[in-house]
Each structure stands twice: as structure tokens, then as C-alpha cells.
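For reference, chains read A, B, C, D, E and F in written order, and residue numbers begin at 1 within each chain.
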Amino acid sequence: MNTKPTLSELFERRLTYPDFEPQARLARLVGLDDQKSRLAKILGLLVNPGGLTDWAQRHHPGAQALLDTILRRPPLVVLAGDVGSGKTELAETIGDAVARQEKIDITLLPLSLSTRGQGRVGEMTQLLSAAFDYTVIEATKLKPASGKARGAVILLVDEADALAQSREAAQMHHEDRAGVNAFIRGIDRIANAKLPAAVLMCTNRLSALDPAVRRRAADVLSFARPGEEQRRYVLSSSLEPIGLGRHHIDALVATTGPHRGVRDYGFTFSDLTQRLLPAIVLDAYPSRAVDGARAVEIARSIIPTPPFRDGEKPA
Amino acid sequence: MNTKPTLSELFERRLTYPDFEPQARLARLVGLDDQKSRLAKILGLLVNPGGLTDWAQRHHPGAQALLDTILRRPPLVVLAGDVGSGKTELAETIGDAVARQEKIDITLLPLSLSTRGQGRVGEMTQLLSAAFDYTVIEATKLKPASGKARGAVILLVDEADALAQSREAAQMHHEDRAGVNAFIRGIDRIANAKLPAAVLMCTNRLSALDPAVRRRAADVLSFARPGEEQRRYVLSSSLEPIGLGRHHIDALVATTGPHRGVRDYGFTFSDLTQRLLPAIVLDAYPSRAVDGARAVEIARSIIPTPPFRDGEKPA
Amino acid sequence: MNTKPTLSELFERRLTYPDFEPQARLARLVGLDDQKSRLAKILGLLVNPGGLTDWAQRHHPGAQALLDTILRRPPLVVLAGDVGSGKTELAETIGDAVARQEKIDITLLPLSLSTRGQGRVGEMTQLLSAAFDYTVIEATKLKPASGKARGAVILLVDEADALAQSREAAQMHHEDRAGVNAFIRGIDRIANAKLPAAVLMCTNRLSALDPAVRRRAADVLSFARPGEEQRRYVLSSSLEPIGLGRHHIDALVATTGPHRGVRDYGFTFSDLTQRLLPAIVLDAYPSRAVDGARAVEIARSIIPTPPFRDGEKPA
Amino acid sequence: MNTKPTLSELFERRLTYPDFEPQARLARLVGLDDQKSRLAKILGLLVNPGGLTDWAQRHHPGAQALLDTILRRPPLVVLAGDVGSGKTELAETIGDAVARQEKIDITLLPLSLSTRGQGRVGEMTQLLSAAFDYTVIEATKLKPASGKARGAVILLVDEADALAQSREAAQMHHEDRAGVNAFIRGIDRIANAKLPAAVLMCTNRLSALDPAVRRRAADVLSFARPGEEQRRYVLSSSLEPIGLGRHHIDALVATTGPHRGVRDYGFTFSDLTQRLLPAIVLDAYPSRAVDGARAVEIARSIIPTPPFRDGEKPA
Amino acid sequence: MNTKPTLSELFERRLTYPDFEPQARLARLVGLDDQKSRLAKILGLLVNPGGLTDWAQRHHPGAQALLDTILRRPPLVVLAGDVGSGKTELAETIGDAVARQEKIDITLLPLSLSTRGQGRVGEMTQLLSAAFDYTVIEATKLKPASGKARGAVILLVDEADALAQSREAAQMHHEDRAGVNAFIRGIDRIANAKLPAAVLMCTNRLSALDPAVRRRAADVLSFARPGEEQRRYVLSSSLEPIGLGRHHIDALVATTGPHRGVRDYGFTFSDLTQRLLPAIVLDAYPSRAVDGARAVEIARSIIPTPPFRDGEKPA
Amino acid sequence: MNTKPTLSELFERRLTYPDFEPQARLARLVGLDDQKSRLAKILGLLVNPGGLTDWAQRHHPGAQALLDTILRRPPLVVLAGDVGSGKTELAETIGDAVARQEKIDITLLPLSLSTRGQGRVGEMTQLLSAAFDYTVIEATKLKPASGKARGAVILLVDEADALAQSREAAQMHHEDRAGVNAFIRGIDRIANAKLPAAVLMCTNRLSALDPAVRRRAADVLSFARPGEEQRRYVLSSSLEPIGLGRHHIDALVATTGPHRGVRDYGFTFSDLTQRLLPAIVLDAYPSRAVDGARAVEIARSIIPTPPFRDGEKPA
């Protein structure tokens, strides 16, 4: 493989914020206010590090050393949590909030699955290096001589554990190790050049990430399954418009939660939106209207996705 | 391997619906009404997404967001269950029901076993990509400028776990991982082009499927061993015509079920049709007629296929 | 390896039935009447499928659907059982019974051990394909335009588990997987062409066979260690001619059986004929005649071959 | 790979002491006085072995044999301890103390991550050999004909376990073993030439180091998590300047320590500086000033990095 | 590797019987009378199969079928037992007894360790095939047109488990499997040509032998550690000539046996002759004569070789 | 790799005895008198086998058979024991004792670590063969036509387990197996040519040595950690000259031993000389004299090297 990989090989697509669709999706992400806020602030500081200095001068004059600690953190955030907990959704939409907040354009580059390559020696390393090359080029254009950046780039690595697996695992292949090193070098390139770019990694196996990668994370945001309130929000916002009553919504919220002695986990966000809601609709389609009692019955027949077995609880 | 694989290398055969033979086979599939109905609806909506909108306008005007969730699901359905539980039979015949229901022609392309290749690096990826290429070409011809498709294509992947094995397994080979990625890209190509095509995967090892593949499934249909009623249907429809009486049929139905304290599972559909019925006939052949008491005796001597050991119960 | 493998590389030898030697050996196989009968019938129907129709018209007119089920079964029979239980002996001699019963010539092609190859990539696949090519060519010559075949071919795969190992085993090598696929394709070629040919697989590790191979088996015949009556037959037919009395034969039969609390298995057929009988003779040779009491003593000193550890009891 | 690797491939960067920045960082390393002192003395003797002789003549005339034992120790020191315990920080800054103490210039060469190579056979060996070549060349220039060296070189190997993994591990790859041997030869080259150079290895998996490497270590310095006093120093030096009072600092010190029955470990240095302090600041930013009570609340919500599982407690 | 391996690569040396040295060594092998007798008879019949017919005509006229069973057994004998139990010694010397008994010359070819090759693909297969080629050529020269052979060849495979490891072991390498097949083909070539040649395999891991190899063994001779009588023979024949008295010999015999509650095994033959006797002599050398009490003391300080862990007790 | 490896690639260095430095080091090895004596005698007999005959004629005329057993033992001695127990030190210095005792010159060739090669196929085999070639050439020059040798060669293999690992380990690589075979052939070459050469292997993992290698060892000498007396010797000989009193030496001896309930092992020789003594000196350097009470305090803070985990206790 001597030819440079093309853009479409490297990235699944290219998104630009602000835009209406991600704004709407971000708004629908309930119960993740803390993660939203932390992520938006970290990304905002990459674009506009001067903001923190302004704040310190206002509130804490003379705290420069403390600020340096924060501004020196590598531009990497890990989003860790169960399948269907909303981490990918947040990663794909947070750019909109930052773009609006900082009043700039932000570009999202989601690393393509094919960047994992096909197992040829050196291939993953080359693909990753090319992806970071592209990210650096884009971000460099947006970096001002001084002051606030004209825009920012977010490199999104979903299902990151496959890419940056822990070197603790004895079976780790040299090819994978080389990929981890390429990844670390990429992060360091962005950090050293102080570019307006960030890397977001999503994983449901936090403990499988290489420690050298985790150590470089400025923050690790954790995502859990939706609680009662979040389930109610998702279900009622979809089902009330088609006429389900409070009583049935209540029953659905209860049914989709954990059940003591049966299972200690409830439905994931995905279980609710990708499995339960379609099943309720398709059961009625094409001949009947959706019926509340029948909807609850369907919810009872669905077993939620079991949690991914991972040895570690993220912070 | 520089030459493109031929059609006969990629697919075991090519079936077109409607046709009498699959219609008859589908009719013989007893006790799977729920799976039939769900699968037919999902496939029908791929051909004719307008159907759902019509239904919503009739029953639930203003539920467009909910409908979008359903119509945006990837065109992949997983059929999971024990060996001999009828999942492959349903996958091979459901096209007939959809063809009749939507009044169009449907083509079934069963992925050949040889698509797993012979272990050469890059081979499985190339074969899978070629299979999806072909599927996309066929489906593109059937896609209308607007409205209902002129036909549809179903790509069938039987014994899918061998192809799309979980990346959780540490031993997973790069070649296999590349195959999984090629598969995911194929699904995404069909979805993005909104083609009238669907992928059906049959597996008896749901937990062995790659999570990234499972997550893309619009639905996971589960198949169990036949219950008492289903066993009775299969046995009586074959054995009453050759003269077995109610008493012996009853005994056969009981014998082929689970036996408390001995085994907690009964005969599979395959055990009934591929093992028990031939054994009854061959025992009599060539010198005697089939005898009911002897048939029961033969059933008692057959040990049903043990369930495949898999760590997970599908929903 | 570009050259086609030669016949002598593919098959250990080539046997033709009817012949006196296999007739005698088949007659000596005691206690396997059920297996003999089932195997002869299945093979007979491959040669002469019309026989079953004739039988049905005589006894069960109108049972064509049931007959189709039987005639559509793939031409593969698995013989499963412990080392020394007679399965290979039956596989090597049953052809004689079928040849006499159907009054045709039958050819046995025992797959050579070397067909497993030497581990070169693609080698096992190529060797297996060549073996099936040869089988198909031979059987095609014997297939009539209509009616009963002029002869039949039996492809024998002894120690089949080494060739068609279960894909469940995570360690399975790509080379082996390719061999399994080549094997399945071979079976399907014979079935699709409705040739007068069958494949017999012998294995002492039923559970190690690939499920996709097992599922294609028309029947799985199981073989156990000889019971008391069978041991008596083997021992008395060899030792009475040289003068051992009833009393000592009784003692030998008891000694070679299971012993409660000591071991739950007795001698295999091979333990009796390959180990015990030679030991009795060689002990006397060259200076003394065989003595009954001493023969019993020798039997007591031999520990029977322990059963092969396999997780599954064949039906 | 026939071309010699370049300097920038081998080393992450090149630092020279004395310098202000490492001096400040070294001063901030609280609670590591013993490790500082031992490391500075060992490095000092490599530059100026005559110092020990002078000391012995002053205090212990006639103890030359004992001195020889010390001066003959290989120029390798292992810094072992938990993630975030300050070992890398000490390794990167101790050169400043030695440079000032001995009044010479000291160069630090941190081995680049890429020196682990990309898995090509022989690659790691070649890269390591090149790194030692460079170290030897630099140190040779600094070696005087007699007496005290004109300067010194420190080769720093961070995350050393990945490079010099124990040969006890059965799975160890030949490539890795070759790397270990190259490493040992490098140490021996420096020792045999009595050059003013030392190798510092940092690891959080002491037991994973190859025994042949450990045996060559002149000293193994161990690093633990910060105790109460060290946590107080870190927290108060950052938070007092922005106005937090004694009461809140006390609460933070307690919160970040071990909690009996909950966890037997407290925050690492990194947990304090890279996670807690930024979280406190970003929580307030951009709209509020940092608040003590809220800071304690944030500290409670952070779970400290779990200790690396390693079978051995370093001395 | 295109060149044929040379004789000295294939065999460690070439021995011819009868000869004085092996005669003396065979005579020194105490307590192995049964194994000696069985092995000599089996080898004798390979040279002179007519002997068995003569015997039968004398004692059991009409037992030809039984004799055929014996004469058809493959020319392979397995010698199985613990390290130091005398199996290799017997294999290297039994040829002398057979040569004298049958009044012919016998050649022993001990397979060289290097025949295991260096791991190149196809190498072990080629080396084994060459070794069997040579054996077949030599034996063919000795085969008469009819009647008794003019001589015989024994191919000795010591430490056979390394060569013919069980295919049950999942980890078995293709290269090894190919070696097993080459070995089986070699045995079959000798058997089919009815040559005056035999293969002796020595192993201390009977269960590690490939079942397909074991099944071909005409006999499996088992070897145990020396009992009290055998230890006394070995010790007294060496130590009485240098003056040790009955009392000390008794003590040595007891000391070198099993000790209840301490260890359930005594000294091996090798422990006695290779370790204990030299230790007694060297302790006295060069200044003192051997002393009985000191000899017992030395025996007490030696821990016998622990038995090889193997899951199976040979018959 | 077609070029022959050079001497400096094969051996770390080349030592000749007698010499003052090894004489002094050997004298310092306390508590190993038994090992010294046994090793010197075995090596002495290789140089001068006539010595044993002279002794026997003097003390035990007519014991030639017993002497042959001893003189036929292969020229291999294994030195087995814990890290830091003095086995390598003895192996590197015993040549001096033998040289003085036999009044000849002895050459020590320590096999270089690099002889393990870099993992290229065939490399270790070639390097080992070259090392034995060189040893044989040197020793051949020293072999007299008759009588006592003019000198001797000792080939030292330290950390031998890495080279001659047990073939019992299923994971053993072909490359390693080939290395073991090359090693065995080397030993046999020296033995067959009756050269004045010996091979010494040091290992801390006796059970990891290939059984075929161990079986060839004339003797296995075991080494333990220093006892109280040995620790006292080491400590007082270093610390009394610099003024430590009896009281403090006593305390140091006790501190460095095992502590019931805490650990069942004390300091190794290396722990004493390479860690404790330097720590005591460096603690005082450069400003104070060594102080006894402080020395004891330092000893308490050092955790002795834990014993290497190995499944077997050498005899």
C-alpha cells in the first residue's frame, strides 16, 4: 500500500456545525446535562483558551499556574459507557453547542471503521497517521496568529477500544501496538501545535483502552443507562403525540426499568428508541391504531440489551 | 486474487418470488406466526416506506418523528435461535409472502459458504464487498424515482456467526475483523442509498455476533424449539396420511417433547423431519408397512440434538 | 502446488464389491445388526431411489411428501463411536452387502491420510476438491438416464474429526475452515447431481465435527463397546478351535467386561482381537500350547483402552 | 529498513540541564526526598566517581573493596510505581539537580514511543541499538582522559515494561526478546566503557521487567501514591491562591485519601493535578468563581485511578 | 531444502547385532524379563513368521485365522514408562537377543534427534520419509523370496512423543501433524511389503502419542521404576565388589525406595546408576576409600527424579 | 545470515585460569564448599580421567565397571538455584581451582546473550552450533594422544532456561526446539570425542530445562540463599573494615534473614552485596561516615528479592 488513503476511506462523512439536525438531536439527549456541559467547556477552551484567562482575571487574579495545568491537558476526551447510553449521540452533536457558544464553524470528522484496515502490517498505522495529517491540516488553517480560533475540528473515534486496545493484554498484536503508538503521536502533534482540534473517543470498554491513551485524556465522561425520569421523557415525547395516556406511559416506564431479583438493569436509550418504539408501531401497522395496553405487553416481551462485561467502573 | 469473483462463487443460487414451492414451505412453518408477521412488515416497509406514512395519517396524524425512527433503521434483521428451529426456512421463504403482499417480484441471494474464502489475507473482505456490490446493483435497478419500489432484493447470510464474529473474542483474527468491517460497510451502503434491499442473518450463536453488527439490526427475531402443538402439526400431517391413529400420534408428540428430570428440551423441527420421520419409514422399508407402535419405539430411541451452548438468551 | 494430486495420493487404495474378503469380515461383525441394516438401506436408496416409491405404492399410497423428505437427505452418513467399536470395519465392508442386495458393483474410495496435507495454505482444500472431483466423475459414469444406477461409489473418510473439526473451537485455523467448506461443497455437489455416491465419515469425536457438516448427515449411527454376548462370540470363535473349554471362555468374557467400582467400561473389539488374542498366543509360543487358565490370567493383566473423552453421547 | 533511524525518530525531544523549568518542576515534587537524594547520588557518581573515593579517604580509609562494589554497578536505575506517582516527573527533572550539584551540563534523551517500532522483525532491535549508539557517542565526547566528566547523558525509557518485558511470560515474542537483548547489550556497552551516561527506566509493572534487566539495575526506586501531607501540599499550593480556606482544603485532603472499607487507595498525583483541579475550575468557568464547598463536592464525585494490578510490591 | 538428508543426519549411529556390548547390557537389565520376552517374540516373528505356523501345527492345528490376526499386526511396538525405567536400554539391546535366537544379523537405526528438524515447513516430513526410505531399502535386501529373512532392521524412535504427538491437542501445529502422517505412512509401507523390519518407539508420555499411531502398535510394553529386588541387584552388583557389606546394601535399598507419607516413588534405574553410584565414588575420590555409612548418607541426600506427569497409566 | 558469527558475537569474553581475580572471588564464596568440591572433581576428571583409575587401583581394585559408569557421564553440569545464590559466581571462578589442582591452563567461554539471536528461523541453531564448533576446536588442541590433557575448556551457559526450555511446554516454538537439539548435539560431540571440555549451565528454573538436556547432566548442583553464617561472613568482611561493631553486624545478620510469619526467605547474596552494602554507603556519602544504627535501619527498609517461582525443588 503505497498510495495515500483517500478522504472517503478515512472518514465516514464530514459534518459541519452549527446545523439544525444536530441541534435537535442534542436537545433530545435528556439526563446528560453534566456531560454536555463538561464536554462543551473543554472543547470551547481549545477554540478559545483566552476565555479561561478572562475568567480568572475576573474571579481569581493570580491563578495562572492553575490555569496552565488545565490548558496544558491533551486535546483528548474519552466518552465511556454502556451500549445505547447516548455517548455516540453526544459526541456527534456537541459540536453544534460549541459552534453556537463560540460563534464559529466546527467540523466533525468521524473516523471510518475501515481505518482499522484489513490486517496488513503497517496498514492501521498508515491510515491513522493519514487521518491525523488531515486533521492537523484542517485545524492549522483555523489557527489564528493570536487569540481565538476561526473554527475547530473534532476527530471522532467511535468504538475506540478496537483501535487503542490495552497493551496489558498479552495477546496484543504488534500491528495493534503500532496503531496505539500512531494514535498517541497524533494526539501529541495536535497538543504540541496548540491547534483548535480535539479528539473524542467513545468506548464501552474503558478498561480495554491502552493506559498510555487513557493517561492522555483530559477528561473521562461516563454514561449510564437512562433512569426513570429519562425513560419517561423519551417514551412520553414519542407516544403522547399518538395518544397514549398517562396510565400507559407510567406502565411503560416501570416495565422498562430494572426489576429487583430478575435483572439489575433496565432498557438502554437504544432499547427504547430502536427496539421498543418500532415494535409498538409495527405491531399496529398496517391495520390498527397503536393501543396502550398492547404497547405495555410488547415492552414486557422485550429483554433489554445486557450490559457489556467490563472489569472496571468508569469514574 | 485479482479477478472479481463470479456470481456462482458468491451465491449458492438465486431465487425469485412469488413462487409455489416457497409458498408451500412457508405455509408449513407452524408456530412462527409472530416472526412471520414482524419480518414481512419490516421487509414490506423497505419496498414501500410510504405504507407507514399512509397508516400514520390514517391512525396517528402528526407522528412523523416516531415514523422516522422506524424508517431510519438499517435494513438488517437477525434471525437467532437453535439449530433446526426454522429460522433458515423462514428466511428462505418469507420473500414469497412479501412479494404477494406488495405485489412485486423479490429476489433472494443466499451468500455462498465459499464467501468465507480460504483464509487468504483480504479474501473474505473482497468476496463480501463483491456480494454487496451485486446486491446494490440489483436493488438500484428496482428503486423508483419516487414512491414504491418495483421489486426488492434480500441478501441471506446463513450461519452468520462464522462471518461476523464478535470482536470481544481476543483471538479474533485480523482477516475476520476486516470481514466484519466489510459487512458493516455493505449494510451502510444499502441504508444510505435507501435501496429496496434487506440483509437477513441467521445464527444460532447470537452472542457471537459482533456488537457493531448487532447494533445495526433493525430487529432480532428469536426462534425456539417446537412446542407440543407444533410437534403435533408436523407429525400428524406426515403420518396421518399413511394411516397412523390418534393414539400413536399422541404418544409421538409426548415422546418428542422435554422430559422432566431427563432433559429440558425436546426435538427440534429438524429432529422431527430429518431424523424421526425417515427413521420410521426406513425401519419399515422395504418389507413392512409403517406401524404405529414401532414408530413410537423408534422415537424413544432417538436423542434430540442438544441445544447449542451460547451464553445469551435472545430477546 | 500447481499439479493435480494423483489418485494414489488421494486414496489409500480402491476396493470393489462384491468380494469374498469383505463379505467374511462383515459377517464377523457381531452385535451391529441395527447399524448394518440402517446403513445398507440408506446406501441402497442412493442407488435405487425407485425402491422406496415402490414400497410406498404397495403399503402407503399417497405418502409422496414424506418420501421426498427422505430422498432429499444429503448422501452423508456419520459413524460415531469409541476406538475399536467396529465402525471403520463396518464402513469398509457394508459395500459388499449393498452390492449383493442391489446386484450391482460398488467401489470404495478410502480418503488417504495424506489428504490432510502438510499444512500448506490451500493444500487441504485442493486435495479434498480433487477427491470429490474423482468421486463425482466415477459416479456420473454409473448414473442412468433414468431408473436404477448401474453401480455406486462410497467415499470413506476415517478419523473424520481431524478433517472437519468444529468451527466452534476458537483456535480453528483458516486452513482447516477452508477444508470444512470444501467438504461441504463436495457433499452438495453429489446431492445436487443426484449421483449414486455416498460419503461415510467415521469419528470417535462426534462433538468435534463441524455443526454444518453434522447437519448435513442423513443419519448418525452410533457404535458402542461389545456387550457380553458380543465378547463371547469373538472369544469363543477364536479360542474354541484351539481347545479352550466353556469354563475358561466364561471367565474370559467376564474378565473383559466392565468391573463395577473399578472401571465402567470393558474391552473394545480391538482390545479383544488385537491385544488379548495375540498376547495369549505369544505367551505360549514357541514352546507350549495355549492354556486356558493362563489365558484368563493374561486377560486380567491387560487394561482396556480408556474411552475417548468427548463431551457428547451420540444418539 | 536499511536506513539508520533519525534522531527525531529515536527521541521525543532533547533537554539540557541546568534549566529553570525542570528546576521548578523538581521543586514541586513533594514527598519524594528519599528518591531524589538516592537518584542524584547515583547519577553524580557516574559523572564523578572520584567523589566516592574522596569520601572514603576522609571517613573510611581502606574500604576500597566496598567502594568497588558500588562503582561497578551498571548505570541503570529503575523507577517503579503506580501511575501518577511522580516517577516520570522525577526522571525528567533530576538531571537539573545533578547538573547543579556537579556543576556540569547534562543532556536528557527520552526514548521515543516509536522506538517500539511497528512490529517488523528486527526493527525494535535496530532502533534500540541506534538509540544506544547515539547515547554512547554523546557520552564519549564528555569523558575525560581522567578525573571528573565534562558532562553526562541520561537515556530515559518511560513505560519500560512494554520494551523489556519478562522472558518468563511464555507468550513472549521473539521480536520482544531480541529487544530485551539489545537493551542489555546497550547497558553493558555504557558500563564497559565507563562512560558518564545512565539509563533511567520508569515502569508501573516492576514484575513485568525481564529479570536479566532488573538484575542489572543499580537501584530500584519505588514510588507510592501521595500521603496526606503530600496531598495537602499539592492542593493548598493551587487552591489557596484562589481563595479557598483551611476548612475546605482539609476536607479536600480527607476526601482524596483512602477510605476504609470503600477503597484502600487515595488519589494519585495525576488524579489531583490532571483531574480534580481542572474539574473544580471548569465547573465554575465561565460564569462563577470557584467555591470551596462545591470543590469538595466535585472531589467526592471523582473515583481515583485504580492501582495497576501487578503481582509484586517493589522494595 | 532440496537435497536429500544424509545418513548421519538421519541416524545417531548404526549398530549391528550380535555383539558383546549389547549382550552384556541386556543381561544387566534386571526385572524386565516379561518385556524382554514379549519384545523378542514379536521381533522374532517379523524375521521368521514361519515359526508361528510351525508352532500352531504342533500344538493347535487349524488355528490359522487366529495366527493371521497376529501376523497382520503392524511392525510397531511402543515402550512406555517413566524416565530411567530401562525402556531405552532394552530397545537398544534387544536386537542382540533376537539376532542370537534367530541366528541372523540385526541392524539398529536410532532416529537422530535432528530428524525433528528445525521447524521449516515440510522438513520433518521429508526427514522422516527419508529415514523410512533407508529402512525399507535395507530391509528389502534382507527379505528372502520365501521363508526366513536373512536379517532384520530395527528403527528406534526414542522420545517419540515429541515426534508423534497427539492430534487431540488443539495446539498441534500443521508441521507436526504432517510428521505424524509421514510416520504412519512409513509404518504402513513396512507392513504392506512384509519386510523384516520393526519400529520401536520409546516414550514417557504414552497419552501424548497420536491415537492413530498407538492404534497401529502391535504391543505396548510398560516399564515401571525398579522394585526392591531390582534396586538390590543394581546396588549390590556395583558396590559389593568394592567391599560394601550386606548391612549397608540393605540400608541403601531401603533408602532408595518409596517412603510412605514423604513420596510415593523411589529411585529410577538412572537415579541409581547415573546419580547415586557416581556420587558415592566421587565423594571418596581422590583421597579416601568408599565407606558404607557415608554411602547411605549420600543416598539420603539425593531426591529421586519426580515421575513425569502424564494423565494415563499404560497397560 | 550466511556468514559465520564472529567470536565476539558468540562469547561475552574469554577468561583464562589460573588468575588472581577469580581465585579471590572463589575464596569469597562462603558456604558453598560442597558444590565447589563436587564441581572441581567432575571437571578434574574430564582433564585427567586417569586420576580415578589410580584411585580405584589404590582403594578398590577391580571396580572398573563402576568407574566406567562415572567416566561415561556426559560433560554437562547444571547449577540450579535462586537468583543471587552464587551459582554464576561459582561457575565463573571454579576453573581457577581446577587449573591449580591439575596444574594446567583452563579457558572459560561464557556464551553471549546474543547467542539467543533475534528470532530469525535457524539463527539460534546456527549460533549454538558455531559456539560448540569453537569449543571443540579449542579442546581438540588440548587433547593428548594419551594420558592427561594439556588444558581444558569450559563453556558457560548462564540463564540457560531461556535457551534449553522444556519441550513439555506446549507453546514451545520450533525455533526453540531446534536450539535444544543443537545444544544436545553439541554435548554429544564433546562426549563422543572425549575432549577435555565441559559445559556448565546455570539456571534458576530447573524445571524449565528440557528433560532431554537434564537427563544428560552428569550432576545437578543446587544453590540456596545464604544462611546465617554466610550472611555474617559477607557483611562482616565488608563492614568491619569500615568500623562497624559486633553489635551492629549481629543486628544486620538477623535483619537480613527470614522472618517467621512475614517471609520465609532472607536476603540473597546479591541482595547483600549489590543492594544493601551500596545503600549503606550511599546513604552516608558524601557528607557523613557510615553509622551502624543507620545501616541496620537501611537493611530493614529493603525487601529481599522474592524467590523465582518454579515448580520443583532441585536435589
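We take it that contacts are C-beta pairs under 8 Å (C-beta built on N, C-alpha and C of every residue); 3 or more make two chains touch, one makes a residue touch a chain.
Please read these numbers as outputs of a predicted model, since none were measured by experiment.
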item	value
Chains touching both subunit B and subunit D, listed by label	A
Subunit D against subunit A, contact positions shared by both copies (same if over half, else different)	different
Cα superposition angle of subunit A on its copy subunit B, in degrees to the nearest 5	60
Per Cα centroids, the chain farthest from subunit D	C
Distance between the centres, which are taken as Cα means, of subunit E and subunit B, whole angstrom	59
Centroid spacing, where centroids are CA-atom means, of subunit C and subunit D in whole angstrom	68
Geometric centre distance via CA averages, subunit F-subunit E, whole Å	34
Residues of subunit B engaged with two or more neighbouring chains	171, 173, 175
Contact graph of the chains (line, ring, star, complete, other)	ring
Cyclic chain order when read starting with subunit C and heading to subunit E	C, E, F, D, A, B
Contacting residues of subunit E [partner subunit F, same complex]	83, 113-114, 116-120, 159, 162, 169, 171, 173, 175, 238-239, 241-243, 270, 273-275, 277-279, 281-282, 284-286, 288-290, 301-303, 306, 308
Contacting residues of subunit F [partner subunit E, same complex]	38, 41-42, 51-52, 54-55, 59-60, 62-63, 65-67, 69-70, 73, 121-122, 125, 167, 170-171, 173-175, 177-178, 181, 184-185, 211-212, 215, 218-219, 312-315
